[in-house]
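Each of the next two complexes has chain A plus one other chain: chain B in the first, chain C in the second.
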Partner chain A sequence: MSTLGHFALFLALASAAWAAVASWLSTVSRGRGLQRSAERGLLAAFALVVLAVVALETGFLRDDFSLDAVYHYSSVSQPLPYKIGALWGGQSGSLLLWALILSGMSTIVVLTNRMKNRALMPWVVSTLGLVLTFFLILTNFIASPFAGGPMRADGVGLNPQLKNYWMMIHPPTLYLGYVGFTVPFAFGIAALATRRTSDLWFRTTRRWTIFAWFFQGAGILMGSYWAYIELGWGGYWAWDPVENASLMPWLTGTAFLHSVMIQEKKGMMKVWNMTLVILTFCLAIFGTFLTRSGIISSVHSFATSDIGPAFAWFLAVVFFGSFALLILRLDDLKSEARMESVLSREASFLFNNMMLVGIAATVLLLTTFPLISEAATGRKVTMGPPIFNLVNIPWALVLLFLIGVGPLIAWRKATAENLRRNFTGPALTGAWTLALMLLLEGRAAAHAAADVARGLVRLNFAAVFDALKTFYPPLCFGIAAFVLATVAVEFWRGVRARRHQYGEGAALAFARLVWRNKRRWGGYTVHVGFVIVCIGVAASSAYRKETVQVLAPKDVLKIDGYAMTYDGFRLEALDDYVAAITEVSVWQDGRFAARLAAEQRFHPNMLFPELRAAFLEAKRLRDGDPERYTAAIRDLFGLIERLESREGREVKTPSTEVAIHKSFSLRAPQRFGEDFYVTPLGVDPMTGRANFRVFVNPLVNFLWFGGLVLVLGAGVCVLPDARERKRLAAAMDVEDRAAA
Partner chain B sequence: MDGRRLKFILIGTGIAATMAFMLVVATQKPDGGFAYYVTVREYKEHGVPAGHFRVNGKVAPGTIERRDNGSRVLFTIADKEGNATLPVDFTGIIPDTFVDEADVVVEGRSRPDGVFEATKLMAKCPSKYESAKTPASGV
Partner chain C sequence: MTASGAYEEAASAILCDCGCHPQSVKDCACARAGEMRQEIAAEAKSGKTGDAIVAGYVARYGQKILVTPPAAGFNLVAWVGPPLGLLAAALALALLIRRWRRSSRPAAEPTAAGSPDPADLARLQSDLEELR
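Let's look at the complex of A and B:
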């Protein structure tokens, strides 16, 4: 199997390289046959990469531990879904997945453009082929997934923390995002190379861009959710380099999605759009690089590896090559109009772009600061989360505000009438919400205001920003109310107009309204989702409560209106771990809410034969006498202790399963969307005395719910749309006539 | 240059300048997340430096001593060659990946007694039992 995989990968590389070269040659010699051959090369590369993936998956399913990848990330006892998912548990497999997705997307691009965009296609195919070639060089020569050694009896197994449903679908989702940005990038490059820089290149890839943006966003959310339920610290975002890596292309991608609208309508910002698509692609590559090279130390990143220099070279070639091409073509990218007023839709989109790119640049600077400072001064300096928060939160709030302004403000120049008509109601709604929230903060807000004033007088800006923190949540809620009101007004007006004009019922009018202009109303839905996400983030980070207490069975813990009784614990031996499962009852404001089970697991090191035997023995007793079963597990704990003192090191890997009670009851509206989050830090297997860390996270479920709304909105945006098709056809006509 | 254009340039420059200013304020804040990143050896070579540090090392096998029912841990980190070592005292959430020989980063500062008091503990463990590839003799 591994031989087959080796060959498939090598032939895939040859096909991809042929596609890149032949496609480029066809632009020089105008050989149509050559171009067809290049496109077939991409298709062949896809088929061969699929073959390689099948070969590797067969290795995982057959427990072929002579393959390094299988040995490191799988084991005999690993459940089937995790054997399949272990493919992207390691570096070489992840790169193979990249190649698989990219070649799959390239195939779709080739197949859907057989009859159209023929002028752009040679360069598109060449660019896609080049990127694919790079990833296949990596998987062929630097990090081969088929590298192997002698056959081994059992594998090391996937890190227990990665054995989570979300962790299985999170990397492929994120990769669909990372890789998806390659398509608009390839069309952008083709547009530049062929000097066909009208709006065709991004119109024809609009759905690709939304697709990539959507998966990138969904991937980020899944990663946060995984961190939330798996890492046991009650949070979901830590400005870790790998998280930042995924956020940056999403930010510039968002900017790109918005700024192309200005080019569509006004023929402005052409250079800027090219810049954004190049930056987004570079950041996607850089993101993969950061995640996989370990160049910046991170909780997630893997051991430093050999792919670093190759990535750096590739990134440099893409970055400088693309911008050199852009500079050569500056004359073709002249703006057809200019900004007329600060109070206009163009300007609000421009500012939104500045915020998004500004935040992305800040994140990039802070994330890579250890490298920069080392190069400059020889000392590595790292930047922690407080710095990210201080700089980014205020700008995120401005951005949130612009979400409300952008879609409603008039093009060109807003009149006083336009502003009054669209913004009076929403502005009042926002102001009232803000005032109410400040009132609820009460004395804290007054103190903070005084601190801000004092800080300003003394020019102590650090103190100013510290004090401002108190105002961020009320501001966030006020602005959120403003944005939601603008969207509500829009929907209400649209529905009312249809009811008047066509005499439709409210529901039908609403459905048809959305259906007739999916892009616009899908966009509004995405905005609403984003606002809900912001509400969840603001509340759960500002108003979170936590405590750590040691409890014996029957003890009670109290926090923020909750009471938690520790009912008891039991010991279990399952899959490949032993667990102390604690059972607790949760009472919310005096009312019984839930019974939860939170676990502390230990994965014994199966490479010690006596440990393996004791574990299997305990597991075997599971269906028998409960007392003997429990005694066997207690013995196992004793054995672990003895082994550890004898070996002088740990022979188990701990993992924690948190328990969460989500409040969605309308009987306690003030707690709607709140989580009661329990982590057992340590459980004594004899007495059951346990150390519990408990969090109360208000509104945190708004974050996940807002994510779902976002998904729904993006889904609406990519549905086939008659209006969009017409626009695209018109753009192609213009293009063809220009060519003729 | 006309007034409109100037206005846009001023606003743009203003936004960029404010961002830069906030970055400067944020990085100058004491204990605001600014930390020197060093290896154990580098940390030891500079004596016991004052200030906030992130120290990278490997957990010396057998030194993990879990206290207070798992909310506090005492351990020693060492550099790859095992020459320089640093005792660490950490209270907080101990990541599941924190095991013998795990590659860890601790953030905090030294106490007068030479123990490094960490407020943050990050551990990465590329795969579960790498250290046990060759089980010790007698196993």
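Let's look at the complex of A and C:
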């Protein structure tokens, strides 16, 4: 099978390279035959990559440990879904997945566009072919998923923290985002190369862009959720380099989605839109590079290797090549209209772009700052989460404010009447909320204001940022109220207009309103989702409570109105781990809330024969006498300890299963959306004494709920739309006439 | 300062050296963080202040043992660069829009007085379509 995979990958490389070259040649010689051959080259590459993936998956399913990828990321006892998912557990498999998704998308692009977009397609195919060629060079020559060694009895197995449902679907989802940005990029390059820089290229790829943006965002949220329930530190975002890498293209992609609307309506910002689409693609490649190269230490970089230089070269070629082309074509990208006022939708979109790109640039600066600092001063520094939070929150708050302004302010130039009509109510709502929140903060707010002033006088910036923290949650809630009010007013007015005009009922009017202009109302829904996410983030990070206490069975822990009794524990040997499962009862404000089970797991290293034997023995006793079973597991714990002192290193991989009680009861509205989060840090297998870490995270579920609203809104945006189709057809018509 | 106060201060400033992701000793959930917590708690019990504990770690391991680099020297680039960048970008953008507006004014005048601007007509058309 691995020979088949090798060959398939090599032929895929040849096909992709042919597609890139032949498609480019066809623009020189105007040969339709060459172009057709190139398109088929991409289709063939897809089929061959599928074959390679099937070959590798067969290796995983058959436990073929002669393959390095299988040996490192799978094992005999690994449950079936994780054997399949182990494909993207390692570097070479991930790159293969990239190639699979890209070739699949290329196939869809070819099949849906080859009859229509004849002018752009040669360059589109060439660009897609080139990117695919790069990834296939990596998987063929530098990080081959089919590299192998001698046959081995068992594998190392997937990192236990990755054995989680969300970890199985998070990487492919994120990759759909990363890879998806290649399509608008390819069309952008094609538009530049052919000088057909009208609105055809982004109208054709509008849905692709939203698709990529959507999956990138969903992937990020899934990753956060995984971190929340798996890593056991009570949070969901650590500003880890790889998290940042996935955030940056999402930010610039969001900027692109917005600024392209100005080009659509007004024919402005053409150079800027090209810049954004190139930047987004470069950041997507950079993100893949950061994830996989381990240039900055990170929890995700499970392997460091020699793909670094190759990526650096490719990135340089893409970046400088694209911008050189853009500069050559500046004359074709003249704006058709002029900015008329700072108080206009165009200007508010520009400021929104500035914020989004500014946050992306800040994240880039801070993520790479350890490298910069070492190069500049020779001193190593660490960029932990606090500085990211402090420096980025002001940008994010301004951005949140603009979400409220952008959709309602008039194009060209807002009149006083327009501003008064649209913003009086929402501004009052926001100001009122802000005032209320500041009052609730009370003395803390006054102290913080004094601290800010003192810090500024003494030029103590760390202190200034620290004191400002007090104001962020009230500001966030105030601005969120403002934005929600603007959207509510819009929906209410739209529904009212339809009811007046057509005499429809409220529900029908609402449904028709959204259906008639899916982009606009879908966009509003996305905004609402984002605001809900912001509320969840602000509340759960500012008002989180935490405690760490050592408890013996029957002990009670108290935190923030909750009481938790440690009822007891039991030991288990399951799948490929032993677990100490602690059982606790939770009372919320004096009312019984839930019984929870939180686990500490140890995955013994099965490459030690005595450990493997002891583990299998314990597992075998599971259905027998409970006392003997428990004794066997205790022996196993003892064996682990002895082995570790003998070997001088860990012979187990720990992981935790946190337990969470989510409050959605309306009987305690002040706790709505709150999590009670328990994780045992160390459990003594003899006495059961455990070090419990407990968090109370208010409103944290708004984050996930807002994510769902976002998904819904983006879904509405990509639904087929008759008017969209008409506009696209019109754009194509213009192009065809220009070509003829 | 109490021992627990000193502990809190030091544990949230010092990086867990488990080598996974950058997190303070206080926040990190790994086994190594547990050991480091005990080390720091022992120092705090011996009467050291939070600052002194942190200074000791920096002396031993360098600045990279801090979760956040101190806002001094070259590190100011990371601390003050983004807010300054925000201000500069906003200012530049506002000036740019003003310049665009000035340069466009003479061209806009005649259409305002005479026949309607074609862009306006297109916008009107699309707005009407939206209402329909």
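Keep in mind that, in the parts below, the second predicted complex is superposed on the first by the 720 of 740 C-alpha atoms of A that agree within 3 Å, B and C clash if a C-alpha of one lies under 4 Å from a C-alpha of the other, contacts with A are read in each partner's own complex, and residues count from 1 in each chain.
The rule is simple: a residue touches a chain if its C-beta (ideal position, glycine included) is under 8 Å from a C-beta of that chain, and two chains touch if they have at least 3 such contacts.
Everything quoted here is computed from the prediction, not taken from an experiment.
In the superposition on chain A, A:734 contacts neither chain B nor chain C. In the superposed model, A:266 lies in contact with chain C only, and not with chain B. Looking at the shared chain after the overlay, A:446 reaches neither chain B nor chain C. By the touch criterion defined above, A:656 lies against chain B and chain C together after alignment on the C-alpha atoms of chain A.
Touch criterion not met for A:556: it reaches neither chain B nor chain C.
Contacts of A:386 after superposition on the shared chain: both chain B and chain C are touched.
Residue contacts after overlaying the shared chain place A:375 against neither chain B nor chain C. When the two complexes are overlaid on their common chain A, residue A:330 makes contact with neither chain B nor chain C.
When the two complexes are overlaid on their common chain A, residue A:411 makes contact with chain C while staying clear of chain B. Contacts of chain A with chain B, set against its contacts with chain C after fitting on chain A, overlap at residues 231-233, 297-299, 338-342, 347, 350-351, 354, 358, 362, 365-366, 370, 379-387, 391, 394-395, 461-462, 465, 654, 656, 679, 681-682, 691, 693. The residues of chain C lying in touch with chain A in their complex are 15, 19-24, 27-31, 34, 62-71, 73-83, 85-86, 89-90, 93-94, 97-98, 100-101, 103-104, 107-108, 119, 123, 126, 129-132.
Against chain B, the residues of chain A that register as touching in their complex are 72-73, 156-161, 231-233, 297-303, 338-342, 347, 350-351, 354-355, 358, 362, 365-366, 370, 379-388, 390-391, 394-395, 461-462, 465, 548, 550, 603, 605, 607-610, 644, 647-656, 679, 681-682, 684, 689-691, 693. Across the complex, chain C is touched by residues 231-233, 235, 238-240, 265-266, 297-299, 336-342, 347, 350-351, 354, 358, 361-362, 365-366, 369-370, 372-373, 376-377, 379-387, 391-392, 394-395, 398, 411, 460-462, 465, 497, 516-517, 520, 654, 656, 679, 681-682, 691, 693, 723 of chain A. The part of chain B that touches chain A in the complex is made up of residues 4-5, 7-8, 11-12, 15-16, 19, 21-23, 25-30, 32-38, 54, 56, 61-62, 64, 66, 68-71, 93-97, 99-101, 103, 105, 107, 122-132, 135-136, 139.
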